[in-house]
Amino acid sequence: MLIITRISRFVSNFQNLVALFAGACIIISLAGILSLPLGFEEQQLYPKTLDPASSLYPYDRGGVPFGTTEVVVQYPENSPYAGYVTAYLTPLSQYLADHTHYLGTTIVAHPGGIIDEILYNTRGLDTVVETSILFAAFAIASYLYRREAK
Amino acid sequence: MIEYLVFAAAFGLLLLGLHRKVIARVQMRPGPPVWQEILHALKFSFKSTWIPKTASAALYVGVVLVGIGIWSAALFIVLAGESILILFAIYMLHKVVEHGFGLSSGSPYGKFGGVRSVISAASEIPLFVTIAAIYLFTGSLLLRDITAYQAVHGPFLLIAPPVAIAMYLVILSKLPYGPFSIVESKELVSGYKTEHFGVWRAGISVIDGLKTFVLLYAFVAIFVGAVPFWAALVIMAVILVSLSFVCAITPMLSPFDSVTIQGLITGLMLAYVGYLWWVMP
Amino acid sequence: MIPDYSIGLLVAFASAGVAFFALMRETDGLHRLLLTDLIEVVTLAFIALVGTDLAEALILPGLVVGVSELIALSEIYRVKEGYVRPPAAGLRIEVMESAPGILAAILVVYGIVLSGFSGGAVAGLGVIFYFLCRDHSERFELIETASGYSWVFWIVAFFVFMLLPQYWFFAVMLAGSAILVKVLAKMSLIGTMRGGPNA
Amino acid sequence: MLGEFLHILAAATISWILFVTVDILFRLPEAGGVSGASAVARDIEAGGGALAGGTMMGNIVCSPDASAGTLLAACGVYVAGIPGGLAAALMVFIGNRICHDPGYAGTTGAVLATFVVYAFTQVGFAATDFIAGMVIAILTIQGLSHTHASRLLARLWRIRQ
Amino acid sequence: MIALYLVAAIAVFAAIRVVIERNTGRKLPYANVMNFAVAGTLVLLLDHPLSLVAAAAYFVGSTLEANAVASTYAGGVKR
Amino acid sequence: MPEIGGSDLFVLEFGDILHYYSPYTLTLFLLALIFTGLAILSRPEGQVDIAFGGDAYYAKETAVSEMRFRRFMTIACGLATMGAMGSGDIFNFTLFASLVGITNVGIVAAVKSRHVLDAAYEYGIVAMVATLPLFGGAALILATTGTLSIPALAAGAIAVPPVGKALLALGVIGEGMAPFYAAKAEMFRAPGAPYVIMCSLSSLLIFLRVVEIAITI
Amino acid sequence: MIVALQVAFGLVALLGAVSTALTRDSYGKVISLGILVAGIVPFIVDRGYLDVAITVSLIAPVVTIFVLMAVRRAEA
Amino acid sequence: MNAVFVLGLAILVIGVLSVAFVRPKTYVARLINLEIPAWGLLLVMLAYDEALALLTFVAVTAISTFVIVRLMEWRDASC
């Protein structure tokens, strides 16, 4: 009975909460290490294809602007326009792509690239939730800040 | 439909009355009559009813309706042989309802009852272990599949007794006057029920009756299998009497000790399920 | 192309274990906050090890979640500890007068070119840096409103994608710029949340 | 192999003379441009060096000066010829503004170095020789012995005065 | 090619010198040498106009860093 | 796909992310909806406190700005919970779970009580740290199976490593669940019942959901 | 990249990391962090991500200035 | 198994250890050490060619550093 009381005293103090959770995470980490090696599945969604010669390197996924590009998605039938964004270049990014070879990241980050395709189109809901998280967290911070400031 | 509900509530309240009676007799007191709980429910229905000034009105009323709603749903799920996962989800959500009862009034007693009810959330975890163990055997969680499995292989009570014990403990922690009933401990007056009176209290009685009926009936369905309805009622009463004996002779634990013991039980159950998972093909 | 996944995983799990061990031993609030930041890094390592385009698209939400929770928690910590006196300008060095203008301009322009999250973060950093070094008296609520509207724009863009996919081009543009504005605004507000007249 | 090595050494000497001259002409050893430069000078003096030389070294640390100009100009000439060198000079100018440097030693040095490097590429030197040479040259000033380098610079500064 | 090796070797040498030097003020000139060497390497690695920009950005950035460190070390501006 | 929560009732498609509702998840969804509605409708209660050393008692009042902020957080939390209930994608689910975590912190962080804030901070640390098991688990599952869609994982004969599931479950527990209720209990003492109750509801619901996910995949 | 260079800059980066970890003095730490960055930037450039390299090397001093604010506070 | 990947993992581990068992146990030391695993992770991302994520990561790390520094400033102002 004594040990139970001691455990309950430990648990009942919320200062120990973090330690408790961290302990659980350590156990799972050890379990993770013990369960290695884990096989890497080669058939991935949105695989990378690297073409160092392209000016869009490392984000060149082929395809024609305003046309189709082969993108491995989970449910192709749900996003009929998948792959269109990938090959699209705005005038600015087209200019950059024509003139330099090492600005692939900038060009692709500019609207219209594989990451935009994933973030906004096929997995757009992730982005909605994620911006909501930022929104909520920021609302908390600014509410507390302004309450103090008054 | 409605007659099932009325019957279940009435029978559940009867079982609770039986519970009190058995405890009283074990402790060598005369105890209230068996139908006392039913009378209570009827009495409260005709008493005057209003909402306390400090209460958060919509929540105060809403939780009663939600409570009745979820347990009615639970009853029909059991009767229709749907997924027991839903049943147990409702069982866990009852916690939230208790919490709502306690907090909505603004009364300190109710608040502490609600807080304790939340602390004792660990009591529900054995349920999921139960679910996992059953799933390992049947590969399905629909109640009708489980009864069908038992028709072939015999009752689960014999196949996996530790799982049955876990569920037994879960029911125990939900009954009043038991070792885990920290929510209704006497220093909190009536715990989360303190500030609900009149019709609202009658609603709580209905919830309690339904809850008792559904849990015991689910226990019978999951661990004993398909039996005639009257036989199920008899088995339920037998189980309840055994629970009452436990309640009568054990002291109430302090809140965090209760949580710790429930947690340890969960750990044991996890180990058992891990063992099952290891040995099963 | 893909280096051995299991070795990476081993390192990631080991790092997670070490980080959690440190967190377990730590009792001071601010040290705990610093360690949670470390754990965010390990989290991203898990995602980065997948190594596909999808992994990259998942890193960005992971990053944003981490930094936003950090912002909220740091503010809670400040209020909880009762640190109410705004700090006076502490560091006074020459480069803080000369560098912000140019560096912030470069970062903001580049961020606008990038657009999206990455752009928002880069440009936001530039704006923070500028506000840090200069006095500021901007309208807190105005920026917040802009940020709120841009969030709405992004939601609109999302539904255009889902319901009217033929207007995807419009949606990409809307989404990219809306997120840029949103992230930029949020981040720059952090820079202004340092006390002072109009904050 | 050996020829390239000699080229690098020669380039190092040329860049050394170039940037030290420009820096001294622009009065770098006179005073620290920023408080950091003075701090570096103080520490070098405490380590046995000369204050004037230390100040110049501090100024080199804290802002792109003629040595940086020479390096970037060599890089510019290497990638794009004369326009590259001038672009490098522009970037050094921006760098000077960022680093709160009131002078124009870096920009002047870069423009001068552009033409010097370009001239030498016409007579068989490669621009890469100048990049490596400039790194060696800065190594001799900043990276081998602060004491001796600062004394040497102080002596040169006295000549200029 | 030999230039590249030479520059890299100097970078390593300077890095070691920075690490073994104890005094903050005297660490900075060694770090400066390393920055020169790295900036040179960037251009030598990739022969492209943009790598000049990269080298300049790196160099200016690291100089700014050194400047900030030194100024803070000196105690900032006295007003 | 094993039918553990009943057969699918309907499926909502958002590109690669599906939302599907089985009787089980629909039940949970409806509960989240009901309690969100209650939070919108009801005003916070006046928590009665007893003044020691006398018979006096007084009711705490919640300031209007605080109430509005907490109601906003509660609605966000309810929406996040509803999203997490239907989500058919593991990563998306983890994001919803983190949103639940952060809004839970927000609901109590607005209370002006040192004790409650302490608890909120501790819980916030856990919620933030829990993103490692959450996202780590999702990434592990993605790497070893090549997909994140729950229906696809459930349908195919793909072996999901148990570690992945365990990480996921632990993460959800960290975002707010049972053995870790100790700190939440402190949070629950805060006034403002309709909002506080959303904390416990949402953490229960996401836990129920992750159990379903862990069994399904 | 050539193996010898990889070794060289890997060494620089490792040296920076280790010395940042082991140095006790805050300024020493910040300078060692600079060494770490110096070791890493060539790898980025070598992969051909010049835009990334430019941004990273511009952001690095900004981080340093942020850190220095804290350092200054701590010693004051 | 390329060099960048191995180097990244090594720096990540060094960084995690140095943050977890920071020697002068001060906030500033831990804050600075926090940068090491970040750069290690950057190399890991680089090994997988995740350039955009890398770019965002650097910016966001800077922002979170700022958030913590700001908190420390408030702390010092009030103590």
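For clarity, chains are labelled A, B, C, D, E, F, G and H in written order, and residue numbers in each chain start from 1.
Everything below uses one rule, namely that a residue touches a chain if its C-beta (ideal position, glycine included) is under 8 Å from a C-beta of that chain, and two chains touch if they have at least 3 such contacts.
Remember, it's a predicted structure, so these values are computed and weren't measured experimentally.
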Chains in simultaneous contact with subunit E and subunit G: A, C
Neighbouring chains common to subunit A and subunit H, by label: C, G
Of all other chains, the one whose Cα centre sits farthest from subunit G: B
From subunit F, the most remote chain by mean C-alpha position: D
Winner on C-beta contact pairs when C-H is weighed against C-D: C-H
Subunit B and subunit F: spacing of chain centres that average the CA atoms, whole Å: 24
Rounded Å distance, subunit B centre to subunit E centre (Cα mean): 71
Rounded Å distance between subunit A and subunit E, as computed from the means of their C-alpha atoms: 34
Overlap residues in subunit H, where contacts from two or more other chains coincide: 15, 17, 27, 31, 48-49, 51-52, 55, 59, 62, 66, 68, 72-73, 76
Residue list for subunit G, restricted to those that touch at least two other chains: 30, 37, 48-52, 55, 58-59, 61-62, 65-66, 68-69, 71-73
Multi-chain contact residues (two or more partners), subunit D: 34-36, 94, 98-100
Set of all touching chain pairs, with the criterion as stated earlier: A-B, A-C, A-E, A-F, A-G, A-H, B-F, C-D, C-E, C-F, C-G, C-H, D-E, E-G, G-H
Parts of subunit H lying in touch with subunit C, wherever the complex brings them together: 1-2, 5, 9, 12-13, 15-17, 19-21, 25, 27, 30-31, 34, 37-38, 41, 44-45, 47-48, 50, 52-53, 55-57, 59-60, 62-64, 66-68, 70-79
Residues of subunit A defined as touching subunit G within the complex: 52, 57-58, 101-106
Footprint of subunit B on subunit A - complex, ascending: 4-5, 7-9, 11-12
Subunit C partner contacts - residues on subunit A that touch it in the complex: 15, 18-19, 22-23, 25-26, 29-30, 32-33, 36-40, 44-48, 50, 61, 79-81, 84-85, 88, 92, 106, 109-112, 114-116, 118-121, 123-131, 133-138, 140-142, 144-149
Touch list for subunit G against partner subunit A, complex: 48-52
